[in-house]
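After the structure tokens below, expect a handful of questions from me.
All chains are identified by letter, namely A, B and C, in their written order; residue positions are counted from 1 within each chain.
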């Protein structure tokens, strides 16, 4: 039987951590772009667009991320397309992330006083222009802290990609556990690595939030 | 024998000494009005008496209990020393009657029925019998402050500390609260008030204390002190507010 | 799309799915009740307790909030037996849920406690109430009223997160879905149906909690 030293286990986990990071970054940035589009739709005051985003958000916030992963994994296959775990995970995490970011950002947009909308529309700005030049610059200031905070949820969410077979940190942990039979050590290390990824972001989010409160 | 005895109390917040050796004797039935500029230490002194603030040196004895740091039996002390605050601090989730009943039932283990009878009595005393079941948010500032007074009275305190209790009120609501305090004074309640109401201090008080820079700068019978302030600081102060 | 969805093939398995649904509901209710009790104790320790206890609670909260639930679950189910603590799938699932919600609700309740004006605490103390009496009668009541919406959202998040317990073979709704899919190979149909089941459950929970909140906090 192959012998695994502590360093073998750790280095294998760290290699897999790269995929956790890559998946997190892709989900966060793609989710951010989709979320921004949805935000415009959600605040557009055009009924069909608002309804669509409402249902979209309700579905992705109201069902387990794990179910969404399964649905993408098995759903796309129905179209006769070969689905890799990587593709299903990317899509599911992107859509899931976008739903949450849209809701977070909508809260920030709604925190901007109504007078700002009235003043900017009195200056003949269109809706897109109002958002672009008046509302978003203000809303983005208060959006930073909750957005950074949510990035922690994205990193933790990528752990579920392991269930559909994508080899990232959690899946690597399971595989190493099966090979070494040292579950306590392996899962402690897995948890520790996640902690090292997430804690700085949590801490940063809290710091920004505190600074905003002082500034107010 | 004095009911509250304060001896050479010193207190600092960091490098900032706010009480620089304060001594005071308060007898049963005294109505003590403490006046002075903001920052003169008067509120801090009041908060030291019931242990909301700790002090570094000196001693405070209230109703035979030495108020000194962590060893003090604060619960026993506060059963006999009530406090009314500038911001009322009514508990928003409880009705007026429930606010009054809370401490008697929780601390003194009085039955609900008995506590409610007490609440009815003390709320009648402050003129709010018909507001027993109103929530604080449904009451005016003056009414809230009267409930806060009733809440303290329900514990049958021997001394009542009043910390600028009319300062947060609209001018037209000040008198209804002062009338209640005046009635308490007439009934013989021992009162220590930090106040900006000079006329009230003069007419109702039995003792006036002027604090300045963390010290008792001048004290005496209110009418005499007001008529002839000895120190230039008090002259100036009375000139400004009077 | 040439493929035809065949929901009829799920019918024979209705009892399996129902069992899973009930399991998920019970799991959620129990871990909500116990988890919030843990959270309340944790929040009280952080705000009113001695410093050393507050620091221990802080470490617990940060550890849980910064690691994935599935890793916590695996650690409890696979890792703890190595220390001699062997738990059944069901117990491990309940424990992981409680530990997880306990950490999140500690943070939420703590924020509520810190939002209670200091003057209210001083007023309670001035009425000769002890620290714990003030906490119980004055602070927690107001705190819960304030954080009830946030706590409700967290309960739903934890309920949806519970789908992961299927991975240690705890027999929840997702486990039932996996079971059915492995039998009739109608993966997409099963997962779609069960996803909608979760959605319904989430919406129902939300309205139920809202109604409950109106009853509990009826005053004012």
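Keep this in mind: contacts are C-beta pairs under 8 Å (C-beta built on N, C-alpha and C of every residue); 3 or more make two chains touch, one makes a residue touch a chain.
Labels paired with UniProt names: A = Amino acid ABC transporter permease.
None of the values given here were measured: they were computed from a predicted structure.
Chain pairs B-C and A-C differ in how many C-beta pairs are in contact, and the one with more is A-C. The most central chain, judged by the distance from its Cα centroid to the centroid of all protein Cα atoms shown, is C. With respect to chain C, maximal separation of chain centres occurs for B (centres as means of Cα atoms).
Centre-to-centre, using mean CA coordinates, chain A is 55 Å away from chain B. Here the spacing of chain B and chain C, counted between their Cα centres, is 46 Å. Separation between the centroids of chain A and chain C, computed from CA atoms only, is 20 Å.
For chain B, the set of residues touching two or more other chains is empty. Along chain A, no residue makes contact with two or more other chains. On the side of chain A, the complex with chain C involves touching residues 58-59, 61-68, 70-71, 74-75, 77-80, 152, 155-157, 159-160, 162-163, 170, 173-174, 177, 182-184, 186-188, 190-191, 194-195, 198-199, 202.
Listed in rising order, the residues of chain C touching chain A in the complex are 1-3, 62-63, 65-72, 74-75, 78-83, 156, 160-164, 166-167, 174, 177, 187-188, 191-192, 194-196, 198-199, 202-203. Across the complex, chain C is touched by residues 50, 52, 74-79, 81-83, 85, 87, 89-93, 95, 102-103, 106-107, 135, 137, 148, 151-152, 155 of chain B. Interface of chain C with chain B (complex): residues 117, 119-120, 122-130, 133, 137-138, 141-142, 145, 217, 219-220.
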